[in-house]
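Reviewing the structure listed below.
Chain naming follows the written order as A, B, C and D, and within any one chain the residues start at number 1.
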């Protein structure tokens, strides 16, 4: 296993899906079964290897492991430096896990216009981008992976997305949902990441001429920048990361993208893509620019809490089930950002478990919303109702997932929310306790609103008598592929809820180490 | 008002003396170390029922009743062991570590939790037994028992909690399973709305619980109750952070308790929770859920009692308790739905418990919780039995059931007498202790300062409450079981599976008060006092005769007036029940308009205009900026493109028009398109060159 | 030698050329105007060369190149103009607006 | 003495040009002219390689910089890399032309003759270090392209493109020459080194006015070549009207030659007067990016869109120098600018040629360059559509396609100088790269996400075959765009070698 631990294992986890995509290219379009099995094979192999990583991972060690550092673009001092620590490990596993389940789910659920080959290729490319972002330790490598996910997602939304006509408010332009959403998604993210890249480059030139995250952190790059410049660098990074998270008020791409995307697209978008932004805050912003992170922490925290309340209230006004779930993501990511903004080990731990939990739970919610709209051909909650009668298992899973989403203790979602609030009680030294404690209370109020919109959603969707329009319809309850995709997620939600060490066990040491290095203990 | 609070505090603080000498505590041996089974078994069983229940002979009820039987036995065993030799021990299993704080699952085995294990087990057992008969033929029979088991299990997780995290977990599990149970008949919109109301009201209170738990845990640096209470024990000087935020923490925790224990003004969910099947109401109002709040205050009691910590919060607690017991009792008077009467009576009794806690009477409050659990479960089951027979919840459809339903009648009367506080039934002893405690507090208060009369007012309210309780219970008994039958069909006594539990609960309702006669049998005092950190509460050494007489007199008066109004003349009962006192009646009928205020003043605006405004902002403000920026770029592109293609013509034509007289010039410039490009190039060059020549 | 006068001559010729390019409608005349500009360039080169007494006579050599290249350009230009004339019976440059907005 | 090894690329190409003419006269199939041309281009690569790897070769007489003709003609790594780029681009451009010309029965022999002659001019420009050689090289590049632009003789648009191109071309050549004459007059020198030496302190002298006009007129001549705003007006019309392979050639080879000339003359000749043109380049870069992108937003024709896009891309290429000079950077940091420019030029060649290749292939089948007519391309020609996506998103700079690296090094060199002016230009560039994505994606949206319009003979098109030469060209460029994108050192190594040009500046 020497080879495995010297970076090959990690590289395979990242690149196997990409190899799979290339292999898929060679398979004729007609042979759909072969395509599916190929995709499953590569995604499965990537997942198995990522689990193997967990077993080879030394949990007593806070630093980077199982990685490698080889030359890549020597001309600009950028190298192929990868590795995992406790912070990235859960996220890597999460990304391979969700990818695998997405492929399983897709088996019999192809959005229009069909074309499994192209769809699977996109999923696999996405998988590489997602896993790659979590293991990259070089800013340029990170940037590339960070951006690689854009194109597949753009095409997924644009080609397989929702074909409903929408009218853009104020300007009265009518267009198809998927076209508007896909380009909005891309432009937003590109805008953010263009500035993020500028930030990276300034870091490079002023922070010791290296793109290596670890070196930048240990070099004290921030000191080299000088505070005047560091503000701008942080602002640039913030823009890039915050768009991806997304943080209020940069979130408006998200409801559209999630609503328009095909089911698997929404799942991947919610489960993994959003995490890239928050992960970057933890991995890049805090270690490299600790002082600026601290200066900006109140702003981030305030925006995060505004996001929580704002998104929850917006949820209450939604009539479209998917859009509701999409807005709820903004709220949940608000808790994650609040945790990060406290700059404490507890807060960052909370953020990471929040990311994992949100990934699984909201992913599952999107699966459910997708499957339901596939059956009912509508996502209007007013037209649903009585789903529990028509499809008892689906309804039960929806109920379970909604409970998990509102942060029911004992399920995965609780830890992220509660621990983030916990951390807000005593933020890192130098941050205003009054502010953070106020935010803690407001954030806690957000949980009430979250309960409100989720329960009312359940009431509208699941409860009551079925509407007359469904009389005579034969609805197939959850099918085998859906079960195969969802049961592991349900198990994960419960397992993490009951035994959070599954995540904290990996993250805690690394987070303590990270915070200690950034803020000197 | 503040002045009042402050002086009341001074009074209340004075009660913090006495207490019990710490006895030698044992770790409980095998019985305690295996007590993890108590919360785990029902949780596992709930899932087992979901997946395998339908294949069982009794469709899952068999699993559920076996579990509850186990709980009752284990609870009883622990109780006996504890009485014999007080046990106080925490077991903690670390499940994660966050920062330097461990997160743990565990189980506490001490007086307080053992009392709750026993209570939940025994009352639960009877209710589950009864539920088999009551739920027979239900469309979701198996599912009901799964969620019912989860409900009981959640409560056991809660009471077994040795730390804040687990308490919250159990707390929310209870909440969510109550949501499932209240909304059991979710086909009807009203039922699911009631379920949501319960959950959301509880969630509002949970903000308090969260905040309180966070403040306390973070100040101490541990989630463990033992650590927190130990910090309290060592005093404010040793735990300055905790002491500094003690008021807010205590208040926040109490707000949490107010939700679960349905204290005014967060009581609104409980009456609506009647939408669930009657066994649910029975268990929810007796041993589980509503007791959680009082339990929490009991768990954290030293924190509220110790000088330098949250002592000031106690005046809030006692006021809230008194208001609840009095105001909700009045509402019970005007209800027609028998379950609603009982629901408001539960609220009122919870008010007693809370007031007792506020008065610093740990034992009295918990003792009332204990006795109340038996007779309230009994009353609900009895009411359920009547409902089962009549197929209506309304007392106006009942009447004269006495002769058809003897078991139900007699057990219901026992329950009612216990609730009314008639000697020697259980409620008499517990209520008396509460009155005595409050008087003790108010007495001290009067001595301290002649100004306020807070505790005295509370005492008056409490005694009036006793009167009201007896009054509405008399009304209920007479309207339901006496008089003429007003419903359809012929009511029959319920099957044995339903009346056996009634009898089973009637016995403790009658006699269990005897276990804690002041000065004589202080079993319960020792029971709940057996904790690792001693609870230094006030506990009467003997009967407070004045209070005993006052309480008893109020109760008897209530029964007497009730009998006078509804008792003697059977035919005209309903007519008298429709008697409406102006002003007061509408107020009570509309529950002081609190529900309306919440609905129209808070929920609807938030769900409606506020949410829509936010959504509007999203589309019309934020997106407007984004789309506007995009479209602006497009329009600028259009302008630039126009200029690129036509602008040169335009500029030239314009200049030509200006210099119109110079026709030659104009003609010269009316040139081809290629030349326009050339002109522009030259113009650009000339500008650049000119600029630079001037510059240098 | 009076350099200034030659420079002025060159500049004047150049300006005349520019004027011609900008105002003539006929493409052949435009082409001739460009030749006028090239002539101005040649005058400059030769004048500067002589004034500076350039040892390698760079200016003069350059002017030879300019003459040669100019001739080639005229060849190309006339070919294009002929082509256009053949296609649309006109060599007016202001009619070239097929691809305008 | 003449170093024939050093001159071998030019000589071989010149020989090829002759051979093409001769073969054209022989009674053989006309595509043999193309084959000869391709072989010749391929052969030209050989001496470039031997010169480049001279150090590790036994027969190579001397290594390092080779100077000839009194320093007027120089072979260094910079010129070698660019020569390689020219040859490679020309190779692809020829491949693009073959099918196009055959299908429309154009005159083939002369076309390749002209194209190769133009390439020869580009090779000369890369090495020339005096005004005369530079001018001759430039004219050799430009002259044949006038004719190539008008190659579709019967079509009015093509004629118009040629005439516009010609008139603006000769006009700017005249302006350039006038500028050169003034520069010569003030400094008395024609070689770049001489001019640089002679221009020390000239701005403070009596002749500063003449010198300024000279320098600016010279730069203007090149600005026309690289179609920098506001000297870009001919570009869209010419690009649209000219045969598409010619447009491809113009937008890559001819444009790159312009950049090479601009760099050489600015740095080597006008190195002492950076204040004079540094700000100018900054403005040109900012204007080109912004105006090019904004106008491209409005385009409905793919070729015209690519025309404006290439204007904007030209702006991006100018950014490193605009920033570096505005920030008054010298030495090692300037190497970054050269590195960035060369990298950008190489990657730009791949992606732009590829984009035009797709446009030719699709245009051949659809007979339309209107974006809306391309709707649903993915459904009936998935391969071409995918390549379209690759090239257009590469142009937009989205990883992992090669364009991202070009943009990255561009930003990198800007920020290397670290001044406020440079930062401002970086921000402008960043915003522009977002705008650019919008119009590139417009084409992609049409091709991938919209329904096939009525009346498109889908079945027929599906049957249609892309010429093998075009397929080969597309394969080359696709591979280039993807492989470079994933492993940029392939390009950065070349650019590393070329950046030594800046040393000593």
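Everything that follows uses one rule, which is that contacts are C-beta pairs under 8 Å (C-beta built on N, C-alpha and C of every residue); 3 or more make two chains touch, one makes a residue touch a chain.
As the structure is a computational prediction, the values presented were derived from the model and not from experiment.
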| item | value |
| --- | --- |
| Chain pair, A-B or A-D, that carries the greater number of C-beta contacts | A-B |
| Longest centre-to-centre distance from chain C, chain (CA-based) | B |
| Inter-centroid spacing, chain C versus chain B (mean Cα positions, whole Å) | 95 |
| Whole-Å gap between the CA centroids of chain A and chain B | 34 |
| Separation of mean Cα positions, chain C and chain A [Å, integer] | 65 |
| Averaged-CA centre spacing for the pair chain D and chain A, given as whole angstrom | 41 |
| Per-residue multi-chain contacts in chain C, two or more chains | 21, 30, 93, 96 |
| Of all residues in chain A, the ones touching two or more other chains | 187 |
| Multi-chain contact residues (two or more partners), chain B | 630, 641, 644, 673-674, 678 |
| Chain B-facing residues of chain A, complex | 168-171, 184, 187-188, 249, 252, 255, 310, 313-318, 344-346, 349-350, 386, 388-389, 403, 408-410, 414, 418-419, 421-422, 425-426, 440-441, 444-445, 447-449, 451-452, 455-456, 459, 462-465, 498-501, 503-505, 508, 511-512 |
| Chain A to chain D touching residues, read off their complex | 29, 71-76, 113, 118, 140, 143-145, 147-148, 150-151, 154-155, 158-159, 178-179, 182-183, 186-187, 190-191, 194-195, 197-198, 201-202, 204-206 |
| Contact footprint of chain D on chain C as seen in their complex | 7, 10, 14, 17, 21, 27, 30-31, 34, 37-38, 40-41, 44-45, 47-49, 51-52, 54, 58-59, 61-62, 65-66, 69, 72-73, 76-77, 79-81, 83-84, 87-88, 93, 96, 98-99 |
| Residue ranges of chain B in contact with chain D within the complex | 630, 633-634, 636-638, 640-641, 644, 673-674, 676-678, 680-681, 684-685, 688-689, 692-693, 696 |
| Of all residues in chain D, those that touch chain C in their complex | 131-132, 135-136, 139, 143, 146-147, 150, 153-154, 156-157, 159-164, 166-167, 170-171, 173-175, 177-178, 180-182, 184-185, 188-190, 210, 236-237, 240-241, 304 |
